[in-house]
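Have a look at the structure below, then the notes.
Going by the order they are written in, the chains are A, B, C and D; count residues from 1 in each one.
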Amino acid sequence: MKKWLVTGFEPFDGSHVNPSAQIVTALSSFYPTESFHGIILPVETRTAPKVLVEALEAIHPEAVLCLGEAAGRTAVSLERVAINLLDFRIPDNAGEQITDLPIVPDGPVAYFSSLPVRQIRDALLEEGIPVELSYSAGTYLCNQVFYTLMHFLSRHQWNIPAGFVHVPSLPEQAVKRHPLTPSMSVDLDIRAIRTIIQMVEEKTP
Amino acid sequence: MKKWLVTGFEPFDGSHVNPSAQIVTALSSFYPTESFHGIILPVETRTAPKVLVEALEAIHPEAVLCLGEAAGRTAVSLERVAINLLDFRIPDNAGEQITDLPIVPDGPVAYFSSLPVRQIRDALLEEGIPVELSYSAGTYLCNQVFYTLMHFLSRHQWNIPAGFVHVPSLPEQAVKRHPLTPSMSVDLDIRAIRTIIQMVEEKTP
Amino acid sequence: MKKWLVTGFEPFDGSHVNPSAQIVTALSSFYPTESFHGIILPVETRTAPKVLVEALEAIHPEAVLCLGEAAGRTAVSLERVAINLLDFRIPDNAGEQITDLPIVPDGPVAYFSSLPVRQIRDALLEEGIPVELSYSAGTYLCNQVFYTLMHFLSRHQWNIPAGFVHVPSLPEQAVKRHPLTPSMSVDLDIRAIRTIIQMVEEKTP
Amino acid sequence: MKKWLVTGFEPFDGSHVNPSAQIVTALSSFYPTESFHGIILPVETRTAPKVLVEALEAIHPEAVLCLGEAAGRTAVSLERVAINLLDFRIPDNAGEQITDLPIVPDGPVAYFSSLPVRQIRDALLEEGIPVELSYSAGTYLCNQVFYTLMHFLSRHQWNIPAGFVHVPSLPEQAVKRHPLTPSMSVDLDIRAIRTIIQMVEEKTP
């Protein structure tokens, strides 16, 4: 098994949980510690990229998967595109709110995911897990972390499988919203992410 | 514990599963057999009411819960209203398709559920299970069974808690649809229906 | 042409306009005054039924169409069922908020619309106007007025075409909401309601 | 007034109309012919880019706006990002269907719109026209034309305002779909595009 870095996020926007953090915690006890390095990122535009980059440099992973919650979505979303843009509808956990700024001034407009997203999608559908290819990871922390990841790998010419996956809200989060959002159980999330890791192991060199 | 009749439906519309049948099967092994009578109804407009009425007469239950799948919904739906109307968008499993006919000619326009739906809703929200009060059970088999149930109880003056609950599609059903529908895991469905049964036990005489 | 009573509602829930009122005003100048009686109802649970009943008694119409706005809907909704229930998610314009009370204690559970809703639907689809049959007019003022109308006609045995139609929000209302709701232009609303009136003229005795 | 190139698309996917073509036709008679050059592009992946590039070279516009229909959207969508990817859910009008190919091999991953999209959004909201910033123009012909446009301008260093705007389906298209999609009247589309042109005139040098 490759050496993996898998990240989740802290809760945000008034929620007390975040499925991405629960998934990382659950998977940490599932995989051998030398192969699976899980970290939880702050939902803070100033610190999240630093924490990610420090982890990349410290762990030197062979595959990276960043996870986040996408309220309102009905399926596991395999993000294909990270864009060089910050535009926050709500403040981050440090109270910072940004409108229309680049993540990396003079950085490229966008990066594609280097995960085998179509093969992953087909495998998840086969398993009966709702999944979709997504062409926008938003313009908040999730996209920022995704872009930061791909930009770091590009500049350092680390040619490894890496990407971002959004999961729906948990049922206990959905009940707090009006109108109710769709949701997905954390058990199904965990099955999905395990399949994603397995597909990357099988389909990438 | 009261003597319960709980019904689900066979698969329909090209699906090979139906969450309502899976719930009934799972609950059958959870509750004592003398208290819990589970049956699976055919998705056939001519036979479903007969099978239900025969079960009511044979079992003489003290509480009745009919379950069905509602594709496209994101939450457990506590149906409040059964209407005296058949209007099928797709044929039933026997190939019959009906437009704008009454279920019971000269029957009342509608019946309300006699379940304590608001208390059930509050209990499910408390548990973190997505739930909503619903004012339309559709005009297909689910509504037909719901109306048939309430009409039978009314005519026989059985003053017992009885009603209908819709559950979302299962994840493995949602992946077969374009666009993907919302879905709910059967584990969460089962927790929901157990809570509903418990609330009826606590809140009704 | 029959003698018509057509009602709309005042703005509510923080909006400064209501498409149903704009439609009534526009149609008032289109039809002859002896045939078309348009009134705007208050969004107040205590007064709206009185204003409606007074208009019914004063005008003695041969056909009645009540209109209201349904935020979130994408199509003209031909309501089929009025239920005997008040349950308000938001207060009315007088600040009154009601949970789970009947409109008419000991009144029937529900009434069906007496408009030729299916023929109206087919005519609107033919014209390219988004339309749907709807089985819930909600549990707020719209349903209250609809139920009050059908109950009055039933008790007085006025066997006339009467019903309720919901229209989507106007574009200028949709922009004020997060997330944006679907909307429909008032010009299209007006074409829809004119077609409805024409269909009732043609299809009912 | 700048010299404008504005493009729409032919009907596709079984439809007999396309709002983007109707808008281009309507605007052609509104603006002076020397300032407004409207063309209708084929929904064909092989020919659409050629037709666009020939028009760019022939007309040498000072501003470019490409328009397309986005079924299922509720608002005018100001597209911010064109990506270098073709992935068709349905064949184009010539029967060609592509999975996961770049538009320009070795081209950049993406381009941003050079329209003042935020100022346009604010102006449209002010006017009461439903509008949203969008981060995905899809992976079909609309995105292909958008990417082709921005890539051409970049390679030729034409520093002009240019971008892509999606409009919802027309009401007469929405009625043909199950379930009904949201829709927008062509009159509102035309008002929206006129405001966009005016904002570009005012806000760009």
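By our rule, contacts are C-beta pairs under 8 Å (C-beta built on N, C-alpha and C of every residue); 3 or more make two chains touch, one makes a residue touch a chain.
This one's a predicted model, so the numbers in the text were calculated from it and none came from an experiment.
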item: Centroid-based (C-alpha) most distant chain relative to chain B; value: D
item: Chain pair showing more contacts of the two, C-D and B-C; value: C-D
item: Whole-Å separation of chain centres (CA-atom averages), chain B against chain D; value: 47
item: Distance from chain C to chain B - Cα centre to Cα centre, in angstrom; value: 31
item: Chain C and chain D, separation of their C-alpha mean positions in angstrom; value: 38
item: Chain A: positions in contact with at least two other chains; value: none
item: Pairwise chain contacts under the document criterion; value: A-B, A-D, B-C, C-D
item: Complex interface listing, chain B residues touching chain C; value: 80-81, 83, 85, 87, 99-100, 108-112, 118, 133, 135-136, 138-139
item: Interfacial residue positions of chain A with respect to chain B in the complex; value: 74-75, 124-125, 128-132, 170-172, 174-175, 180-185, 187-188
